[in-house]
Amino acid sequence: MQELGKAESNSIRITRQDDQRVTIEKDLDTEHMVLSMGPQHPSTHGVLRLECITDGEVIVEAEPYLGYLHRCFEKHCEKIDYPAIVPYTDRMDYLAGMNSELAYCITVEKLLDIEIPRRVEFIRVITSELNRIASHLVAIGTYAIDLGAFTPFLFCFRDREHIMNLLEWISGARMLYNYIWIGGVAYDAPADFKKRVAEFVTYFRPKAVELYKLLTENEIFVKRTKGIGIMPADVAINFAWSGPMLRGSGVKWDLRRNDPYSVYPELDFDVPVPDGKFSDVGDCLSRHLVRALEMEESLKIIEQCLDKMPEQQGFDPRAVIPKKIRPKAGEVYGRAENPRGELGYYIVSDGKSTKPVRCKARSSCFVNLAAMKDLSKGQLLPDLVAIIGSIDIVLGEVDR
Amino acid sequence: MSEYFSNIKTSATTIATGMAITLKHFFNAVKRKGDAGIDDADYFRQVDGLCTLQYPREAVPTPPHGRYRLYCHIDDCIGCRQCERACPVECITIDTIKATNDDLAACGKTSGGQQKRMWVPVFDIDIAKCMTCGICVSVCPTECLYHTPVADFSEFDVKNMLYHFGNLSKIEAEAKRKKLAEQQVQAAKEKAAAGDAPAAKPAPKPKPAAPPQE
Amino acid sequence: MEEAANQMSPAVLESKAAYDIIRERFGDAVSEFDANPTMPFFEVLDVDRWVDIALYMRDNSLLQFNYMACLSGMDYPEEEKLGIVCNLECIGKYAHKIAVKVKCKRDGGSIPSVSCVWHTANWHEREAYDMYGMVFEGHPDLRRILCPEDWTGYPLRKDYQVQETYHGIKVPY
Amino acid sequence: MSSSPSLNTWSDALSGLSIGWFPLGLVIIAAIPLVFIALYALTYGVYGERKISAFMQDRLGPMEVGFWGLLQTLADILKLLQKEDIVPKMADKFLFVIGPGILFVGSFLAFAVLPFGPAFIGADLNVGLFYAVGIVALEVVGILAAGWGSNNKWALYGAVRSVAQIVSYEIPASIALLCAAMLAGTLSMQQITMMQAGPGGFMHWFLFTNPIAWLPFLIYFISSLAETNRAPFDIPEAESELVAGYFTEYSGMKFAVIFLAEYGSMFMVSAIISIAFLGGWTSPLPNIGGLELNAMTSGPVWGAFWIIMKGFFFIFVQMWLRWTLPRLRVDQLMYLCWKVLTPFSLIAFVLTAVWVINH
């Protein structure tokens, strides 16, 4: 038997049999289908568009297309003063505004080299950790909804509502706070704030357990996420993944520990990393698990901060804010641990202007999403949804 | 084979756990969280039960410095334009006319007792552009800009989102401008005539300040 | 020199040590070390060797810069150059980090792509190309990423003039 | 049946009622279940789903239209009626239009053989169960027509998934129902119900008379979820994956028809499972000594009441499941069908056969 030729990627085979008969075999004709997923699709978390080449339900290739929510953050930054950039950073990662502000402010403060009052540091950490919980709640909730479970989503939003109320109380806004300012915060915490946050912590603990039982332990959920979209640790580092994504791959890397800022060195908390018992290290379930466990760590941090926060009557949180923010010439790359990973700002100042020459935001989602193409290869369409959900993108941050 | 059965078992138990949780919530639906504001002492009193509110009738009260609609109390505005410069989205438009010395009394004082030196014929806030960041509020020296707890201010016409706060009508503004120009011309003449003598002008007639437009 | 070294913070000293290894290997291909406290960096002077340097930095057992935190495009109008700034660090063995600058001509300049060294550079370089217009040689898929494919001009260049209309839509707002 | 004579006179009287040549009584008898279904499906199925989901999720649910939002579904139907009926330009118009029709007809045809009481039955076929199982398969055609006709990739995905799912799950479902048929020794729905009636109330139901019956009962319940595309098997309309599955392109009244068909078939499978295993319209209350609870709660009206209650109970369980569980993946769905439910249903079949022989 001798093969004479093939055509159209092996679907037609021409062979010569031993008795000199020539046979032409033809497979069932199949074609790849191009499926445009998004920008309006329920599970692309905003306006991400994935151009999927599919073979039936199997994704041959999924190419992300971004930019539908591009709002020229970096261009804007070159036109406005340093303090006026803060509300724009809110609008990047709108689910974790406090963390974005914190990252930006500590970057500029590095450039300015100013000392922040201790109480302000604690207020910043409390608010940003509250915001981290809120952000993880949305991540978990929307992940549940991606996988078809509606109820955990609403439970998450119910609890997030309390955080939103707390943050509105302290900052005046529910999502886009403009609360953490360069050199301070906008307002001092209200008198009862500590008490209410402590109440929230006691309220939230059992709810988190309930959520864990309802969603994370559910066998269908585990089956949908375990072993899907596995990212080995070295590849994850090469893709510069950060935050829960990198920790999901088993790398114990948390900027709050590894590149400490604010008062984090004083606080006692764990960096949860999956151990491979409940999930396969690096899969969607690990990433989900890291988020679920991180909420508990955030609660711990908040409790410690409430204990340690110095009480000061008539405290002025704006005391050390410079009148005119004009950093000396130089450049800085500052970063903080966002709920979604490392949020970095590269800021260049020329020393003359009150506006940055360059302000690049290294957004965690943008970097994490870059691995989408490699992660989705050969997966089923429902798994693609699970993978996108586990990356936990906020398109505001991806497109900036 | 044992894995097969253990799988079925874990599925059954975890599904049963989940269903128990949802059923508990179903029976808790007789309770309601209520509309306690975050600054109420018993905010976390009712943690189970329904948590949504029927909005127009029930609403969560807004906290003290909640940032909702930007409002300018023009009587206190000294026309320093700091808010206009600070606004990142350029939603504030201000036009000022320097008050002539004889008009200072008519121009009035702020509630803090500061003498106002500017007429503010145009103080427009494009509330459709405003992103309620509150930077303008923080830079305002007389605290005449603040946020009111009005959350619902949608309009059918986007033009209605342009709020006018100026304290002079167009005609009045024109008169003031003319007057200022005349005086400046006169002052320049005097200056040319008498070196740097301070410009002291006679007062023609004071004009009442127009009521602030809402 | 001794005194200057004494004033450096431990983090900068670590970067300096890493830089010394690179300097030893590549000599004049890299510039002097800029030991500023906020972001210590060096510049790659021989742009063609940038990929070699990147590979060396990633794979040398004493350096192991396996994590590219950020790659930002930059415009240097007074030098008539465009450039990139890479913030590199090591996850795992060491805790050092360093920034690398690579510059190219402002018009038609090109920089070798390091997306084969760090996968994450792929999208960062696309973004830098999108915003500044420098070409990354050897990039597998150099397209615009945030702006529309048919956008004219490179928005973050300092001399950027926004186009009047885009598909009949007025652009300047 | 103690109540049979009075029942028969009642239904005989009703069927004898006629205005001139027009057999009004017969029409009424046939129409009562349908009117009920329409009312149920139109208003209270959807309303119930919304309220139940709301309460499970700590929400209020619809509250504005009518007292506690009772008229919400009517308002929705009115809204859908007023909507423009859009047929996509590139759609296969014939299939696109006929799809929801087939779906609707398919899901409501089975109601013909469902006994809603000793007298309320559209057609007491001697192959009632067989007919009910068979006619449900008609839905597949409707779904495929809708999905293919839409000329939309998501709809096509949904349709193909749905066909695979429904056809596969017919097997365990049918075998499970066969167990009930074996226990009853008949395929007539009415007779299956009769077999489970008695003074002992629920004691006579197949689920409780037979030590194995819980297995086919469970299997049929799970398969029925899959057949009606309910969560966790709502893969054909998997909202977060396929936008809306096979009815992505539908709007207005066509959408409403698909929606109603879904709720109709939900009730249908709930009624079938009640008939096959839980005694249909028979009262669950036993006669305890002198207290003749069973006799008191039996009768034509009571019969309708009981089967509707049983149906509602299963609908509640379906909703309860839906608002608790995530969705399975396509291959897991097939795994569940072919590797879990089908073998177990065969085992149940054999065991039931052994049990029947020994009794």
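To keep things simple, chains are lettered A, B, C and D as they appear, and every chain counts its residues starting from 1.
One rule holds in what follows: a contact is a pair of C-beta atoms (placed from the backbone, for glycine too) under 8 Å apart; a residue touches a chain by one contact, two chains touch by 3 or more.
Since we're looking at a predicted model, the values are computed, not measured.
The interface with the greater number of C-beta contacts, when B-D is set against A-B, is A-B.
Chain nearest the geometric middle of the protein is A, using mean C-alpha positions.
Using mean Cα coordinates as chain centres, the one most removed from subunit D is C.
Rounded to whole angstrom units, the spacing between the C-alpha centres of subunit B and subunit C is 43. Note on chain placement: the centre of subunit B and the centre of subunit D lie 57 Å apart, centres being C-alpha means.
Chain geometry summary: the mean Cα position of subunit A and that of subunit B are 32 Å apart. Separation between the centroids of subunit A and subunit C, computed from CA atoms only, is 24 Å. In subunit C, no residue reaches two or more other chains under the touch definition.
Across the assembly, subunit B contributes 15, 18, 21-22, 25, 51 as residues in contact with two or more other chains.
The set of subunit D residues that touch two or more partner chains comprises 56-59, 323-325.
If each chain is drawn as a node and touching chains are joined, the picture fits none of the line, ring, star or complete shapes.
Pairwise chain contacts present here: A-B, A-C, A-D, B-D [touch as defined].
Interface of subunit C with subunit A (complex): residues 36, 38-39, 41, 66-70, 72-75, 85, 87, 91-92, 95, 99, 118-120, 122-124, 127, 131, 144-148, 155-156. Subunit A contributes residues 33, 35, 41-43, 57, 144-151, 154-155, 158, 214-215, 218, 220-221, 223-224, 380-383, 385 to its touches with subunit D in the complex. Contacts from subunit D toward subunit B in the complex involve residues 52, 54-60, 63-64, 320-321, 323-325, 340. For subunit B in complex with subunit D, the touching residues are 8, 15, 18-19, 21-23, 25-26, 28-29, 49-52, 54. On the side of subunit D, the complex with subunit A involves touching residues 53, 56-59, 153, 157, 231-232, 234-235, 238-241, 243, 323-332.
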